[in-house]
Amino acid sequence: MEAINNLISQGAVQDVLFWVFAALTLICAILVIANPFSRSPVTSAMFLVLTIISMAGLFVLLHAFFLAAVQILVYAGAVMVLFLFVIMLLDLKEEQRRKIKLFGLVTGLIAVGGIVSVFLKALASAGNGTDAPKLEGETYALGKLLFTQYTLPFEIVSVLLLVAMVGVILLSKRKLE
Amino acid sequence: MNASLISLEISVIGLGLVLMLADLFMPAERRKFLGYAAIAALGVLLLASFAGCGSCSLTGTAFHGAFVNDGLSLFFKRLFIIAAILVLFVAVEFSDRLTAISEYYSLIVFALAGMLFAASANDFAMLFVSIELITITFYVLVSFQRNKLASLEAGVKYLILGALSSAFMIFGIALIWGTTGQLNFTELAAVASQFADSKIFLLGVLLVLVGLGFKIAAFPFQIWAPDVYQGAPTPTTAFLAIGSKAAGFVLLMRFLFSAIPSITHSHALSTMLIIVSGITILYGNLCALPQRNLKRLLAYSSISHAGYLLLGVAALNANGQAAILYYLAGYLFTVLAAFLVIALVLRQLETEDVSGLAGLNQRSPLLAATLTIAMVSLAGIPPLAGFFGKFLLLKSVVEAAQTTGNPGYYCLLFTALVGVVISLYYYFNVVRAIYWSKEPKDVSPIEMSGAAKLTAWLCIAGIFALGLFPNAVLNFALLAVGGLK
Amino acid sequence: MSILTQIAGWPLLAALALVVVPRNYRVVIRAIAVLATFISTVLAVKMFVGYGCAVPDAEGFRFVQQIPWVESLGISYHVGVDGLNVGLVLMGAIVAFAAALCSWEIKTREKEFYILLLVMSGGILGAFASLDLFFFYFLHELALVPTFIMIGVWGRGERKNYATFQITLYLSIGALIALLGLIALYVQSGANTFDIPKLVEHLKSNPLETNAQNFIFPLLLFGFGILVSLWPFHSWAPLGYGVAPSPTAMLHAGVLKKFGLYGLIRVALPLLPEAAQTWANVIAWLCVGNILYVGWVAMRQKDLNLLIGNSSVAHMGFIFLGIASLNLIGITGAVLIMVAHGFLAALTFALNGYIYQQTGTLKMSELGGLCRKLPFIGTALLMAAMAGCGLPGFANFVGEATVFFGAWTVFPTVTVIALWGALVIGGVYMTRAIRNALHGPLPEKWSALVDASSAWRKLPYALLLLCLLVFGFVPKLLTEKINPDAGKIVTVVAAAAPAEHALVQVDVPTARAQSSEIEQ
Amino acid sequence: MQVGLHHYLTVSILLFSLGLLGVIMRRNLLVIYMSLELMLNAANLALVSFSRFNDKLDGQVLVFFIITVAAAEVAVGLALIVALYRKRQSAHVEDLTSMKL
Amino acid sequence: MKHELFPWLILFLPLISVAVITLFTLRSKMVSSLISIGAVSASFILTVLFIAANGFHPEVPGDVLNWNWLSIDQLNVDFGLKVDALSLMMTLVVTGVGGLIHIYSYGYMHDDRSLSRFFAKLSLFTFSMLGIVLANNFLMMFIFWELVGISSYLLIGFWFEKPSAGDAAKKAFITNRLGDFGFLFGILMVWGLLHSLNFSELQSGVAAGTVTLGASATIAGLLIFCGAMGKSAQFPLHVWLPDAMEGPTPVSALIHAATMVAAGVYMLCRSLFLFDHGALQVIAYIGGFTSLLAALMAMQQNDIKRIIAYSTLSQLGYMVMVVGLNGPTPAMFHLTTHAFFKALLFLSAGSVIMGMHHEQDIWQMGNLRKKMPITFWTFLIGSLALCGVPPFSGFYSKDSILAQAIDQHNYLLFGIATFVAALTTFYTFRLFFVVFLGKEKSKAAAHAHESPFVMTGPLMVLAVFSVIGGFIGITNNFESQFAHEHESLTMMQQLLEPFHKPIPMCLGLGAVAIGFFAAMSIYKDAETDPLPARLGGLSKAMANRFYFDELYEATVIRLHDFIAAVFDWIDRWILEGGCIGLIRGGTDFTGRALRLMQTGNLQTYAFLFVLGVAVLLYFVL
C-alpha cells in the first residue's frame, strides 16, 4: 500500500496512466479516420467517443477535472449523440470502398507528415519541457476567471449559440413557411 | 470596468434580437420591409457613432484589456455598419429569393455584431469567439437558399474549410499562449520579443496567420472563395467579400502590429508576407482571366484584392496600414455596387454568366453605369476610389522598399503592377459585355425600387467621393493606425 | 479660376452634360462636343497669345492656380504653364477641336463616343497643364482609359481585339511603371509634396543620392518610354493606331502620347539630373531603334495607317534624341517636335480616317490615284506626308533640325543616323505611300469617292495644316517661350554633371547666360 | 522518465495530425467532420497541458470556449449536412462538385 | 542702300502667287497662269530695277533685312538675304529664264485640266529657287534646298496618274534626299566647329583665320558637296535626272536644265571658301567623270528629252569639275550660258514634241525643218551653243573651263573635257540630223506643225541670249565676286578673250569639228541607228546607262528592302508575335492552369489547404 502511495506520489501511476490514455486516444483516433474493418461512419463515431473519453482521462491527469467532465458531458454526451442521430437519420449505408487514389494518399501523407515533422521539430527545439506540473485545476478559480476577465467572450459565445440555434432550425426545418 | 464601451455592440445584438422577435408579429408579405427598419436602426447607430453621442465613439479599453475601442476599431466599426446597411439594401432586393427573410436580416446583424467585436478584439479569446461568431453566422448565411444545391454545397465547403482553418488557428493560439502565457495582445507585445527564437511560438504565430489568411482569402488559403462566392446568395457574397474580409484584416493588423510587432518586422515573416501578397495578387488575377461566371469572377477578383490589401501589410509601415483602411473603404462601395447589380440583373437568369449583362445599358442605364463604375474602380482607374487606394498601397510599398532596401519589395511592386494590368483585361470584359454585346436576348427594362436606386447612387457617390475627396477619410485612416506598430 | 482650368474643364463639363442628353439628339450631342472643344481652343489661343503679358510666379509659371487636395500627402491641384507646356496645351486644345470635328465619321453609339472623347480631351489638357505629379498622372490616366474603350469598341478591322489588347497591356504597364517611378521620386525626395516646382526647389538644395537617381530614372524612362513607344516597346503603336477610330488616333498619337516625353522633360530631367546624365547615352541609342529600325519597318508596310503609325513611332526617336542631348538646343527642339508632331499626327490620322471612311480600306495596293478624286484630301495628305519626312515650311522640320543641331555636339554618330532616318528613310516611305495611295492610276471602283466639300469638313484639316505652317514659318513663337524654361532645366542638369561628361558641360555657361539674360 | 509537458504536446500534435489526415483522406462528410473534432480536441489537449505546466488558468477558459463553439459548430454543420443530404441524397464529397474552375 | 525691300519682294512674289492660286483661283486656269507669270515677271523686273539702281555690287555687301528666325543658344538662324553679284546674276537667270518658261508653259500646257495647279507648283519652285540663291546662311539655303526638292518632286509627278511619272518623281526626291543627307551632315559639322551658319561670317572668319575647320575640312567639304551631288545630279547620284523627264517639258527646261540642277554648282561657288585642296580635287574628278559618263550615255539614247537630259548631266559635270579646279567664275559663266541654251533646247524639244503630238522617240521624227521652221532655227542655235561653236555663248564658257583646266595643270581632266566636247557635238548633231533633217520616219512627223507664238516667242528670246551670252559681261560680274583683282573687259575684249589662250581653244574647236563630222557621216540620212551594230555591247551599255539603275536596284534598294524586311519580320514575329504573343498566351495558359486547382472537390481543397500550411511552415521555420 505504501509502495502504491509512493508510486502515486512520485507520479509513477500518473505516468503509466498517461501512457495508457495517450495510447488509447491515438489508437482510437486512428480508428476514427481509418478503420481497416469498417468504413461505416457509425464505427468512426463510436471510436471518436472513445477518443474523447480517453482524452478526458488525460484531462484528469492534468488536473483539469472540470474540463474533463465537460468533455464527457458535452462532447461524448451531446455532440456525439448528435452525430449518431444524424448518421441514423441519414441512414447512411456503409461507405463503398471507392478506390483510394494512391497519388492522393501519398501526397496527403507527405503534406501531413511535413506538418507533423515541423511541429515536432519545433517542440524538440523548445528545451526538454520537464518542468514540474504546478497548476491545480480548481473549478472555482476557473469559474471566477470565466465570469470576470472573460465575461465578454462568454457573452459573445452565448450570442453564437443563439445564432447556431437559429441556423439549425432554418437549415433543418422541413418546410419554411 | 468600462462596459459602456460596448454599447454599440449591444445595440446591434439587441437589434438582431428585435428583428427576430418582430418576425413573429409581422405578416409574411411585409417581413421584407423589416430590412428597412434594420437599415434605419443601423443608420441611427452609424450617425451616433459619427456624432459621438452616447458612448459609441468612446475610446478606451474594457474587460481587462480584452476589448479595446480605438481609432482602428472605430474606423472598422463604421465600415462594418455601412457595409451591413448596404448589404441589407441588397438583401431587401434579394428577398423574393429567400425564405425566412427576417431571420436572414437578423443573421446579417449578428454577423455584424461579430465583426464589431472583431474590430475591438484585443485578446485571443475575443479574437477566437468573434471570428467564430462571424464564421458560424456565415455558414448559415451562405447556405441560406436551401432549395438551391449550389448554396448548400457552398455552405458545406465553407463549413469544412472554415472549421479546418479554425482548428489551425486555435492550435496556434494554444501554442502562443503555451509559450508566452499571454492571451492579451498588449501584454503579449511586451514579451513577444523574448520569444523571437522560440520555434513553437513562431509556429503558433503562423498557425494563427493561417486562420486569418483563410478569412481574407489569401493564397494559399483562397481555395474556398470561388465556390462559396458563387454558391452563396448574392447579399451573403457581398457581405463575405467586404465584411468578412475586412474583419480578417482588422484582426490581422491587430495581431501583427499590435500583438507581435517585433516578430512581424523580422525578416522571415516580412518575406513571407511579401511572397504571400504577390502570389495572391497573381493567383486571383490569373484565374479571373478566363472566368465567365460573374460571381466567380468577383471571387477571384476579391482574392486579388486581398493580395493588394496585403501589400499594405507587407509594407510594414503606418502608411501601408492607413492605405489598407482606405482601400477597404473604397472596396466596400465598389463591391456592394457590383453585387447590387448582380442581385438585380441576374434575378431571372439561371446562370450568372457575364453574357447575362448583355444589353444592360438599355435595360437600365443606372445599373449599367453602376456596374461600370464598380469595375473601373476595381481596376484602379482614376478618378475613382480604387485608384487612390492602389496609389496609397503602392506608395507605402515603395516607401518600404526605400527604407529597408529589401529587393523583395521591388519584386512585389512589379508583381502588383502585372496584376493590375491583367485585371484591366477582365474588368473591361465585363464593361464590354454591358455595352457592346452583339445581340442582347432580353431587352425588357429592369424595374428598380426606390431603395435600390438609392443604394446604387450611394455606392456611386461613395466611389467617387473616395476618389475625388480622399482627404477626410485618409486623415481618419492615418489617425486610426496611429496605435499600430 | 485659371484659364487653364477652364481649358481642361470645358470638355469635362460637356462630357457630364452629354450624359443627360438623350441619345437620339445626335445633332445636339455633336454640337455640344464641338462647342466645348472650340471654347477650349479659343481659350488656349488666348492663353498662348497672352502668354508674354501674363505675370509669371516665383517659379516662372503663368496662369497658375493651386488648390490643396490631400494635405497629408502634399497633393494639390496645381496648374500653370511655362514655355515647356504652353505649346502643348495649345496643340492639345486645337487637336481636340479637330478630333471633335472629325468625329462625324462615327455613326454608332455616338453619345458614348463623344463622352469618351471629351473626357479624353479634358484629361489630356489637364495633364499637360498640371504642375502636381499626382494630378499629372491622374489626369493622364483619365485620358488613357477612354482610349482603350474607344479602340476596343469603335475600332476597325479584324485585328481590333488584338490591338486593343496590346495597347491596353502596353500602355497600362507603361503608366504603372511611371507611376511607380513618380511615387519613388516622391518618397525618396522626402519633401512630402507632389508639387513639381516645390520638388525642383527641394531637390536643387538636397539632390537625391546617385543610387536612388539611377534607380528611379529608368523607371520613369521606361514607364514614360513605353507610353511614347520607345523602341523596343513600340509595337503597340502602329497596330493600335491602325485600328483606332481616327479621332482617337488623332488625340492619342497627337497629344496624349506626348505626355511621356513631357514627363521626362518636366520631371525626370530636373529632378534626377545626375541620372539623366548617366542615362542620356541609353536614350540616345534607343532612339536609334526608333528612327532607324522603325523607319525601316515603316518601309515595309502595306497599309497606310500602319505606315503612318510606324512613322509616328519613328518621329518619337527625334524627340528622345533631343532630350538625350541634354542641352538647350536639343531640348528646345524636342519640345518643338512634340508640338509639331501633335498637329501632324492628328492631321495624318484624320486624313486616313477620311479615306477609310470613303473607301473602307487603307491597303495601299487597293488605293491609288486618289489625288484625282480627292484633290483637297489628297493634297492635304501629301503635305502631311511631306511634313512627316521633314520638309521645311512645316513645324516638324524646325524641330528636327534643332534637335540635330543640339544632338550633334553630344552624340554625333547618333545624329548622323538620325539624319539618315529623317531624310532618307523618311523620304522613302513617305514617297512610297504617296506614290501608292495618291499617285498612279485611279482604280475603277473609287470613281464614286467624294472629296471633303463643305467648310465644316475641311476645317479640321485646314486648321491643323495651318498650325503646322504657322509654327514652321515662325518657330520663334514657340522657341522664345521654350527657351528660358528649357534653359532652367538644362542648368539644373548641367550643374549635376559629373566631371567625365565634358561634352555636356560645354553648354553650361551659355545656357546659364541665356537664362540669366532672359531673366533680366 | 517523468511524463512532462512534451509528452502531452506530442500526443496533442499526433492527434492533430491524425485529424488532419482524416480531413484530407476521408470522403464522407460526417467522418471529415469528426476528424475536425479530433483536431479541435488536440488543441484542447495542448491548452490544458500548457495550463497545467504554466500554472495559468486562462488556457482552460479557452478550452471551455472551444468546446462550446465546437458544439455550436457541430450543430450547424450537421444541420447543413442533413439539408444537403436531403437535396443531393449523398454525403460524399465527390458528389459535391457542381461548382468548379 | 536703296530699294532694300526689293529682294524681299523678288523672293516672295512667287510665294504669294502660290498662296493666291491655291486658295482662290484654282478654278480659273487663265487667272492662275496670269498671276503666276505676273509674279515671276515682276520679280524679274524688280531684279533688273534693283541692279539698275545699285549695280551688281550693292554698297552693303552683307545681308539685307536680317530677321532672326530661330535663336537658341549657339544656334542662330537668320532669315536674311545675301545680295551680291553672284546671287543677283543667279536671280536674273532664275527669274529671266524662268519667266520665259512660264510664258512658254502657258502655251505648252494650255489644254491640261490642272493648269492652275501646274502654275502654283511652278511658282512654288521659283520661290524655292530664289530662296536658295538669296539665302545668307546654310540652314536657310538648306530649307530652300529641300523646298526645291519638293517642288521638283511635285512637278515631275505632275502627271501623277502616269505610273512612270510617279516613280520618276519618287526617284528624284529620294536621290536628292541622299544628297541632302550629306549636305545637312556637312552643315552640322561646320556649325559644330565654327558655331555659325552665316556665309558672310563664315567667310570672313575663315579668311581671317579666326576659325578653321582643321582636320575635318576635307570631310566637311565633301559632305557639303554631297548636296550638290544630289541636286546637280553628279555621279553617283545622277540617276534621277534622266527619269525626271517624265515631267512636262517646261519643267524639264526650268528645273532640269536652267535652274535647279544649277543650284548645286551655285552652292559650291557660294561656299567655296570652306573647301580645301583635297575636297576640291575630289569634286573636280567627280565632275569630270560625270561629264564623260553622261556624254557616253547620251550617245545611244533615242528619246529626245533624254538626250538633252544627259547632255545636261554632262554639262553639269563640266561645271562641277571646274569648281573643283578652283574656277568658280568659269563654272558660273557656263552655268549662265547653259541656262540659256539648255532651256532653249528643252523648250524647242518641247515644241517638237507638241508638234509631234507627244511623240518623243527621235526615230519617229525627221525632216521637221520644213514643218517647224522657227523651232528648227532655235534648236540649231541651241545645239551650236551647246557644242561650243564660236561665237555662240557656249563657246566662251566652255573655253573658259578648258582654259581653267590647263591653268591648273590638270591635263587629265583637260583631256576628258576635250573628249567630252567631241562627244557632245556628236550626240547633239545626231539628234539634230535625225530630227530635223532626213526623211520623215513616221506619219506624225509628216503631219507635224509649228507651235503658237506664246511658245516660239520665248524660244526666240532665249535664242538671242544663247548667241550673245558669251560676251555681254557675265564673266565680269563673277570675276568681281571671286577674284580679288579683276579688270572689267569690254565686249570686244570678251569676244576675243579665248584667243589669249589658244591651246584650249584650238583643241576644243578641233574636238567639236571631229564630233560634228562623225555625226554627219553617220546620221545624215540614217533611217535607223547604225551605231549599235558597230559598237555592239558598248552601245547596249550606253543605251542602258551603263546599268547604273540596275546596279542600284540590285544593291542599295535591295539592301534597304532586305533590312526593312528583316526588321519587319522581327517586329511582327519576335517583338509582337513572340514576346507579346508569348506573354499573352503564357498569361492565359497560366490562368487556365491555375484554375484547375479549383476542382470543386472538397477533398482536394482540404489537401491544398494543408499543403499550403505545410509549405508556409517550411518556408518560415
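Remarks
Think of it as A, B, C, D and E in the order they're written, each chain with its own count starting at 1.
Just so we're on the same page, contacts are C-beta pairs under 8 Å (C-beta built on N, C-alpha and C of every residue); 3 or more make two chains touch, one makes a residue touch a chain.
Just so it is clear, the model here is predicted, and its values are computed rather than measured.
Between subunit B and subunit D, the least number of touch steps comes to 1. When each chain is reduced to the average of its Cα atoms, E sits farthest from subunit A. Counting C-beta pairs in contact, the chain pair with the highest total is A-D.
Closest to the middle of the protein, by Cα centroid, lies chain C.
Centroid to centroid, with C-alpha atoms defining each point, subunit A and subunit E lie 102 Å apart. Between the Cα centres of subunit D and subunit E there is a gap of 96 Å. Inter-chain centre distance (subunit A to subunit B, centres taken as mean C-alpha positions): 33 Å. Inter-chain spacing, taken between the CA centroids of subunit A and subunit C, is 71 Å. Residue positions 165, 169 of subunit C are each in touch with at least two other chains. In subunit D, 9, 16, 19-20, 23-25, 27, 29, 32-33, 49, 54, 56, 58, 61, 65, 69, 72-73, 76, 80-81, 83, 94, 96, 98-100 are the positions where the chain touches two or more neighbouring chains simultaneously. The residues of subunit B that reach two or more other chains are 125, 128-129, 132, 136, 139-140, 143, 146, 156-157, 160, 164, 168, 199, 202-203, 226-227, listed in rising order.
Contacting chain pairs in the structure are A-B, A-D, A-E, B-C, B-D, B-E, C-E, D-E.
Residues 20, 23-25, 27, 29, 32, 93-94, 96-101 of subunit D are the ones touching subunit E in the complex.
Subunit E contributes residues 587-588, 590-592, 594-595, 597-598, 600, 602, 605-606, 608-613, 615-617, 619-621 to its touches with subunit B in the complex. Against subunit B, in their complex, subunit C makes its touches with residues 69-73, 109, 112, 134, 138-139, 141-142, 145, 148-149, 152-153, 165, 168-169, 172-173, 176-177, 179-180, 183-184, 186-188, 212. Touching subunit A in their complex are the following residues of subunit B: 6, 13, 20, 28, 62-64, 66-67, 99-100, 103, 106-107, 110, 113-114, 117, 125-126, 128-130, 132-133, 136-137, 139-140, 143-144, 146, 179, 198-200, 202-203. By the touch criterion given at the top, residues 104, 107-108, 111-112, 114-115, 118, 121-122 of subunit A touch subunit E in their complex.
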